[in-house]
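Heads up, the thing below is written out as structure tokens.
Chain IDs A, B and C follow the sequence of writing; residue 1 opens each chain.
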Amino acid sequence: MKPVKRIIEKTAKGVLFTSSMVTSVTVLLVVIFLFREGIGLFNQTSVEKHLVIAVNSANRVSALSSTEVKSIFNQDITNWKEVGGDDIEIAPKTIDDMASLFTEEELGEGFKNLAILIEKYVEENPGVIASIPESYLKKEFKGKLIPLKKISVREFLTGTEWIPTAHPAAVFGAWPLILGTLWVSLGAILLALPIGLITAIYMAEVAGQRLRNILKPVIELLSGIPSVVYGFFGLVVLVPLIQKLFKLDVGETALAGSIVLAIMALPTIITIAEDAIRTTPRALKEASLALGASHFQTLLKVTIPYAKSGIIAAIILGIGRAVGETMAVLMVTGNASVVPHTFLEPVRTIPATIAAELGEAPFGGTHFKALFALGIILFIMTFIFNTLVSTVKTRKP
Amino acid sequence: MPDYKVEVKNLDLFYGDFQALKKINFTAEPNTVTAFIGPSGCGKSTLLRMFNRMNDLIDGVHFTGEVYIDGNDIFAKNIDVDNLRKTVGMVFQKPNPFPKSIFENVAYGLRVNGVSDKHFIEKKVIDSIKKAALWDEVKDKLKKSAMELSGGQQQRLCIARALAVEPALILMDEPASALDPISTGKIEDLIFELKNQYSIIIVTHNMQQAGRVSDYTAFFYMGELVEWNKTKTIFTSPDDIRTQNYITGRFG
Amino acid sequence: MTRKQLKQIIAFNFFRLVSLMVVCILFIILGFIMLKGIKVINWEFLTAMPKDGMTGGGIFPAIVGTLCLIAGSMIFAFPIGVMSAIYMNEYLKESFLKKFIRTMTNNLAGIPSIVFGLFGMALFVNTLKFGDSIIAGSLTLGLMVLPVIIRTTEEALKSVDDSLRIGSYALGATRLQTISKVVIPVAMPNILTGLILSIGRVSGETAPILFTVAAYFLPKLPSGIFDQVMALPYHLYVLTTSGTNMEQARPMAYGTAFVLIMIVLILNLLANLIRRIAGKKTKMN
């Protein structure tokens, strides 16, 4: 070979190799960036920046968690003994509460006296807890500043409230969102599975050429329709229908999400299950028929059992698709971040939460990081589904 | 006892435009073994698969002519195909046990034909495995997967599976061609045993095998049934030069 | 008729019914949106800027934006995807590396689109300081559809008969020559089908562009790759869920959904056409 030719061959191979690494590098980068932002959440407290929590210097409580702070300001916790202090009534005061305690004269021009007044007030009231902007904190403040516990992974995963805008401490409990995601996806799979599998079986084994020629492009089209169009259709058709049918106040429910997702998961389930069913060797089917089994019996007893692992893969991928879907769900589920109890209530999924809130979350702040942490949960979920699929698929029948 | 005679009248069969069988006229007498021989691609399997209507499953097959089994036109409108296939057992070229236990493989035919009496099934399964000369080798592992058996054992299991539904006619499509010589010998012995109770049609391209096991032999060539006669006659004094050439190994 | 047959007839008819239901679902969705949308479609709708708080005018900037994103993402994702598939199929034997790349590609394909949105925002918008821009959105979308391109290209390459490669080598052609002169031309139609599929995907995705490029309302055309743009799917989302007068914006939403559906229909038709032509060609040989 001429040297020039060889150099060209070598270069080409190098370029091709580099291209082939792009997907791997991307996955790696996705992991890095998700974790870089998301893990940061557990290094923080959820109290807004520049805000400190102050109590009377005699108060024995040494630290509070974000949830406790939120509960105190919500007056769900009303006595210090509930958080390990003395038996004293808690008096929560935001900066606005503080300011309204004093007259304009007392506060002075541009609130110049506020810092002194706050210190005095905190020192005079043993039960007080105040959230104070750092700028209104007097130098050598005599009261006690309560350090906040960092957000813990457990608190994040199992917390039952997601209130990113709560004041003074936001609450990031992902549990309702995780449950919402699983509920909606599970509902979707329950609806899509029978329909999808039956259609797959019908296409692979029963339908004549003509019907198959209709079904194939139908399924391709179904998978090609953008999710936002499904969401739109769900919003203008399904949601009002559900509202009327079940006489609800709002039609945006988990059920609406499940139905839309079911339609969206159908193509995935049908295509993969059909491929799996087609792998059943003709010889086995013929053996069954030759023994006098009907076509239907053969289907139930030979074809489907043989294709079992492929069918399971189809189910898992269907769930995976549903779990990660964003826009359609965002548009039809009503997005209430509460732990769901029935399918006729609004729910909120992880992807929908990210999509709805990231635009408003200040860059690099706690809320921002919490949304990336949600991204990590989602990523791990889909990673598990993918791994499951490949292990199921490599298992021999 | 019905006499399960097989008769083929003026059969022409096409795969699409391709004619695979040409004007076949043929009769197989009850309780005999008939061998189909001929070079590969000459239509032996195609004809065999007519007898249990296996060709129904293949797109684009069409034919003219008639096939009678036990005096009945098996392509008549009122024929129950499942039942036909139950009465006509089939053993395929490659062993094709189901990925189930040995026991379930043999019980399968009974179950799909509506038998649910446990004791009867058990008795029948054991019986069939014994008839297929497999009992000694598998009696301790009936619950094991059939896929763990050797190729020869698998093929005898497939024969046991066919026997369990009590067919009157058994079709065998080169049942030993995928097996080693020892397994082949066992299968041939088995066919010899079975021929007292069943009519058997066996496709083979192994002349010795045809000579050893069959009473009648039919020679096919490029879709035609060239001739059929007592096996002895075919092997010693065939009418057609093509038969002679094939038997003496000049082609195929 | 035996019980067995009766059961079969009932079962198969039920199966058919269910399958036809799937067909009906598609036609209901398509029919509904087309019927409502077609009334809105006219020249102005397609070529004018939105006005009156997006309750009037057209969707021209969103169409242009989506075209920019298609072009931007395909310019880099298509060559990389095809080259990656060539390397996997033509150079790599079954090996750890090949398995690794395949697993990673599958994992990439499994990542939810909203996670791509997060990733694109963190990497392209913030770290690389592209800001909300066509380039940030295109890169995000491109990485997202990379697995689709790789997979379809690989399938296309696999379906090229090995005898062609061997024949080419036998004439003294190098590997690169064989690939570029023999393999790729034969596989081209199927590779193009992959391209069309990924264009469809890119034009319809919303979640990845939410935080990387999409503008809520921007009644002018972009002047460079660092500009923000409107995009059709995001526009539909905005029209239906936010904005001050959603009721008056409804017709606009139907029109936008109609355009999105038409894009999908046309691309599918195109893909099938290419497939059919390619199928005929190989049959002739």
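Basically, a residue touches a chain if its C-beta (ideal position, glycine included) is under 8 Å from a C-beta of that chain, and two chains touch if they have at least 3 such contacts.
Model, not experiment: these values are computed from the prediction.
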{"item": "Graph class of chain-chain contacts, one of line, ring, star, complete, other", "value": "complete"}
{"item": "Farthest chain (mean CA position) relative to chain B", "value": "A"}
{"item": "Chain closest to the middle [Cα centroid of all protein chains]", "value": "C"}
{"item": "Chain A-chain C separation of Cα centroids, rounded to whole Å", "value": "24"}
{"item": "Whole-Å gap between the CA centroids of chain B and chain C", "value": "53"}
{"item": "Separation of mean Cα positions, chain B and chain A [Å, integer]", "value": "60"}
{"item": "Shared-contact residues (touching 2 or more other chains) in chain A", "value": "294, 297"}
{"item": "Per-residue multi-chain contacts in chain B, two or more chains", "value": "82-83, 112"}
{"item": "In chain C, residues with contacts to at least two other chains", "value": "4-5"}
{"item": "Sites on chain B touched by chain A in the complex", "value": "52, 54, 57, 59, 82-83, 85-90, 92, 94, 96-99, 108-109, 112-113, 158, 161-162, 165"}
{"item": "Of chain C, residues touching chain B in the complex", "value": "2-5"}
{"item": "For the chain B and chain C complex, residues of the former touching the latter", "value": "80, 82-83, 112, 114"}
{"item": "Chain A partner contacts - residues on chain C that touch it in the complex", "value": "4-5, 7-8, 11-12, 14-16, 18-19, 21-23, 25-26, 29-30, 32-33, 79-81, 83-84, 86-88, 91-92, 100-101, 103-108, 110-119, 121-123, 126-127, 143, 146-147, 150, 174-176, 197, 200, 203-207, 210-211, 233-234, 236-237, 240-241, 250, 253, 257, 260-261, 264-265, 267-268, 272"}
{"item": "Complex interface listing, chain A residues touching chain C", "value": "1, 5, 8-9, 12-13, 15-17, 19-24, 26-27, 29-30, 33-34, 36-37, 194-195, 198-199, 201-203, 206-207, 211, 214-215, 217-222, 224-233, 235-237, 263, 266, 270, 294-297, 320, 323-327, 330-331, 351, 354-355, 358-359, 363, 371-372, 375, 378-379, 382-383, 385-386, 390"}
